[in-house]
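Below you'll find a set of structures to go through.
In the two complexes that follow, chain A is the common piece, with chain B as its partner first and chain C second.
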Partner chain A sequence: MESSIFAADRRKRKRAYTIMLIIGGLVILSFIISMNTGHIRLSPLDVFKTLFGMGVDNQPLILFEFRLPRIVISILIGSGLAVSGAILQGISRNALADPGILGINAGAGLMVMLFVSFYPVTSNAPIFLLPIMALFGAGFAALLIFMLSYKKNEGISPTRLVLSGIGVAAGISAAMIVLTLRLDPEKYQFVATWMAGSIWGTNWKFVVALLPWIVILLPLVFYKARVLNVLNLGEQTSIGLGTPIKKEQIWLLAAAVGLAGSSVSVSGGIGFVGLIAPHLARRLVGPRHELMLPTSALLGSLLVIAGDTIGRTILQPSEIPVGIVVAVIGAPYFLYLLARSRA
Partner chain B sequence: MSSIHPSEIQQTENIRTRPLVASFILFGGVIALLLGIAVSVSFGAADIAFTTVWEAVFQFNPDLTNHQIIQELRLPRVLGGAMVGACFAVAGSIMQGMTRNPLADSGLLGLNAGAGFMLALCFAFFPGLPYMSLILFAFLGAALGAGLVFGIGSLARGGLTPVRLVLAGAAVSALLVALSEGIALHFRIGQDLAFWYAGGVAGTRWSHLEIMFPWIAAALIGALIISRSITLLSLGEEIAVGLGQRTKLIKLVGMIIVLILAGAAVSVVGAVSFVGLIIPHLTRYLVGVDYRLIIPCSAVLGSLLVVLSDLGARMINPPYETPIGAIISLIGVPFFLYLARKERRGL
Partner chain C sequence: MSRLYTEGLSIGYVDRLIVEDLNLSIPQGKITALVGANGSGKSTILKTMARIMKPRNGTVFLDGKSIHSQSTKDIAKELAILPQNPVAPDGLTVFELISYGRFPHQKGFGSLTKEDKKYIEWALQVTGMIDFYDRPVDQLSGGQRQRAWIAMALAQGTDMLFLDEPTTYLDMAHQLEVLKLLEHLNEEEKRTIVMVVHDLNHATRFAQHMVAIKTGRVVCEGSPAEVMTSEVLREVFGIEADIIPDPRTGVPLCLPYELAGKERKPAKPTAKADEAIAAEQVEVKEEVLV
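Entry: the complex of A and B
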């Protein structure tokens, strides 16, 4: 009996690893496709040659200075947002939690907007400050939302959490509208594109600013996967199993805010990645976080790269920000989940 | 049943109506509204004395600049604000009554986003469309948004709960806003659209009001006619059927009225949320549960709120105007959060 459980477990793990490999392959595939497509087409062979320093004319410039940083950033923010969403869904036990819906992105956005309106975009503004400012905003919004949805005897109820998030997001976007209308038209176009969620940080500086957050936080969260598993069982059970839940909740929440805030600071308001990726991952590899978290990170990257590539090519010459593409894919999926949910 | 349980007293306490308060609100509200309109007309980039306002209205002299300002800019703007406020508030109270949903509001339920999406399409593909057609498209858009939200919300097992409606509203709004933004970025109509989104009555002209007025008047009268049935619906679908109401018909008529009101209001003022949320709650708290009283009172209070917010929008940071939608959101969001915190039944 016992051995068959272990065998089933092994089979499940094996299957999960296969799925992760497949998604990883798809990420690499879209990586290559994304490098080929754009205003100037590069054939796969050109890309390959250029990567190994044999590019001609402006090929190295296009590849290394424009496309590659953008794709690397897509991968980073995709995984950051997806894991952030997975954590939020885990600790709130709410299948519809997402940093965008909960207003964390909006909080980060407000701070970024303030920052941008004080420093001109073109100057050498201290770019490393950007993720930190965004983190402040995201953290402030998250704190506000959790304080609003916390009641002394009942703890945090999932529905109150979502409703407070929607309310806070509405309030913050009202504040942002007041600010945007006072910008001059040039800055306005920039901020509008940013708010719609576009990977505007198309140079390596942004990669460097974002990379440490993702590289440090992701493994830490993966390491905490088992805590999330226990929290998923419900508050009473987790206390019974000896988990210091308050501490763990706060810790994980901080990680989620860090991931979402730093990603949003570069990418703008991309919603729904944090919602869709964990759901798909759960459907593919099951609810265990040690498998589910890496899978959703991969799926998030895939989603953002694909969205960005589609946005760049579908309506040439204008670029549709990836946030819009993802919202157009993600909102119907969210509605589908909502329609299937039970009372 | 000789002894009445305390909770029953509590309940009768809760569901009683207060016609006296209602008539006071109607009377006092209309006076306050007139005062607000007068102040709002006289205040602005150029301060104009009350006597001049009076003369401009009743002894109009086209040679005087101040009279021109009042007749051509200030009056339509302020009257437009009053109309829009009444529209949003009545639309909100009808929705809250029919769906028994405390969080119903045209902004939260995707109507505004739908209308905005349609307007984005119009700006992009048919620039220079006459105002009449813009209004019609705004209706269609509002209907699209509402249809999506209610349709998807009621697909779910367990039916339409308030939370589900709000969630569906948020997602449908996100989708429609994303599409509008895509269109705006592609056709470079972003800032036009943003001014519209932020909400403002500054661009209102007499011609707009003339086109809008018959629709709004008809819809408001229609709302008063079905107000009794809405009271019954607000007691619950079964009770309403038991009392001989044709609930399907009433709901259809109510929905059409809501679409006309919200569509017309959105096409004038842009995406202003929360008027339809705050005002009906406030009115219900003041006058009780009878929609024959709630609907007229919330129309008056809604007008008052928008007129005062518009005044505030001009006073906060002169000579710039703060978007009125943002001001109302700043009042509305705390109220929404309060409701979300308080509400537990059915959530």
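Entry: the complex of A and C
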């Protein structure tokens, strides 16, 4: 009997790892397709040659200066947003929580807008400041929402969290619209594209600004997978199991803000990734966070790369912001979730 | 000898004290039942003794040290608590839930140790959930679900087990199923069990120690025979009841037949008395909501 229970669990884990490998493979596949597509077509052979330093004409420029940083950024923000959403869903025990719905994106957006209105878009503005500004905005929004939804002795109520999140997001969006009216046309254009969710920071500077946040926070969050498991059982049970919940909730919330805020500073308001990726992951590998978090990260990356590649190709030569592509996929899924949760 | 006791404990929500100056000691190796009317504070006392709630004043002592100043993870190795109506995330299987019970013994990454597996398997077996290990918790019957949660608390491997109304919302067979399990754990595994129960006849049959609570005070405490008397029931629940011995086991059973105190009401209730009654009712309602 002993072996059969634990063997069944081992099989389940193995299956989850296989699923992660398959998604990882799809990410690589999208990577290759994304490298090939764009205004100037490069064949897989050209890409391969260029990667090994044998590119001709402007091939190295296109690949290394335009496409590669953009793809790397897609991978980073996809995983950042997805894991941020997974954390928020875990600590709020609300399947509809995600950084977009909770006003964290909007908070970051407001700060990015303020930043842009002070620095010309085209000049060599201190790019590395952008994620920090965005984080500041996201943190402010998160703090506000946290304070509105936190009650002594009860902790964070899932319903209050979502309601106050929606309220704060609406307020910030309104403030942003007021600010947009004061911008000159060039900046307005930039902000409008940003709000639609477009990977606009397509050079290595942005990769460098974003990378540390993702590379440091993701492993730290994965390390907390078991805490998220326990928090998912509810406040009282988690204390009973020995979790200092206030400390862990604040820590994890801060990590979620850090991941979402830094991602959004480069990607603009991509919604839905933080909602869908954890959901799909839970469907595929179950609710245990040690399996679910890495799967969400991979799915998030896949969604953003695929969305960006589709957005760049279907209406060539003009581009559709990735946020819109993801929303077109995401909105029906969201409605499907709502219909299902009522049943 | 008691490992867990309180001294001068006062507990309150926001601006209202629910429990004042409580001195209560949990007898080691016994099943203790906390009984009392809705809103009497029994659940609050249970939660505070298991450090889920913080007291206003006073101290809960576990092995001579204040429970609220010790590391919560260390306490989780000594004492497990099952809250009222816990909810498992969608799709979580019985095995996964029970494995979460090993949380206080685990660190960061890493898979289940031999010790973890031993406890998980034992918890599955002792609760009779072994055949359901791969089922999602949300698809189980009420009794099975409660047993799965008890199994999780057992996997914690603690000497003390606290349960907040473990039989509420279960039908009679499922109630017995859960209580029999607790009895078994107490007799065979020598666990100290503290539970809040509503059914007094369950309390007298399964508990060796009873604590009757009214408005946050201990009215009477002792063996079921000492606590289950007409006077105590009148005082604590406001009911008139006959106490008869159980024909099989001899423990006292209660047969309630009337609400107490009807005659004691003033013949012509004054406006003031009405107000007082209304205020009290509001208060009780609030507590239920809290």
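Heads up, the rule we're going with is that the second predicted complex is superposed on the first by the 339 of 343 C-alpha atoms of A that agree within 3 Å, B and C clash if a C-alpha of one lies under 4 Å from a C-alpha of the other, contacts with A are read in each partner's own complex, and residues count from 1 in each chain.
Keep in mind that, in the parts below, a residue touches a chain if its C-beta (ideal position, glycine included) is under 8 Å from a C-beta of that chain, and two chains touch if they have at least 3 such contacts.
Source: prediction; values computed, not measured.
The superposed arrangement places chain B and chain C next to each other on chain A without a clash. In the superposed pair of complexes, A:Asn229 makes contact with chain C only, with no contact to chain B. After overlaying the two complexes on the shared chain, residue contacts for A:Gly171 are found with chain B alone; chain C is out of touch.
When the shared chain is aligned, chain C comes close enough to touch A:Gly286, but chain B does not.
Once chain A of one complex is fitted onto chain A of the other, the partner contacts of A:Arg160 are limited to chain B, with no touch recorded for chain C.
Judged by the touch definition given at the top, the superposed model places A:Pro219 against neither chain B nor chain C. More residues of chain A are touched by B (comparison of chain B with chain C). With both structures placed on the common chain, the touch criterion links A:Ile239 to chain C but leaves chain B unconnected.
Within the superposed three-chain model, A:Gly25 lies out of touch with both chain B and chain C [touch as defined at top]. Here chain B and chain C sit at a least CA-CA distance of 7 Å once the structures share a frame through chain A.
Overlap of the chain B and chain C interfaces on chain A comprises no residues. Chain B makes touch with chain A in their complex at residues 103, 108, 148, 152-153, 155-159, 161, 163-164, 166-168, 170-172, 174-175, 177-179, 181-182, 184-186, 190-191, 194-195, 197-198, 273-274, 320, 322-323, 325-326, 329-330, 332-334, 336-337, 340-341, 347. Interface of chain C with chain A (complex): residues 13-14, 47, 50-53, 71-77, 80-83, 86-93, 95-97, 99-101, 103-104, 106, 108-109, 112, 117, 120-121, 124, 130, 133-134, 153, 156.
Interface residues of chain A, counted against chain C in their complex, comprise 1-2, 5-6, 8-9, 93, 95, 152-153, 223, 226, 229-230, 232-234, 236-237, 239-244, 282, 286-288, 290.
Residues 96, 100-101, 148-149, 151, 159-160, 162-164, 166-168, 170-171, 173-175, 177-178, 180-182, 185, 188-189, 192-193, 196, 271-272, 315, 318, 320-321, 323-324, 327-328, 331-332, 334-335, 338-343 of chain A are the ones touching chain B in the complex.
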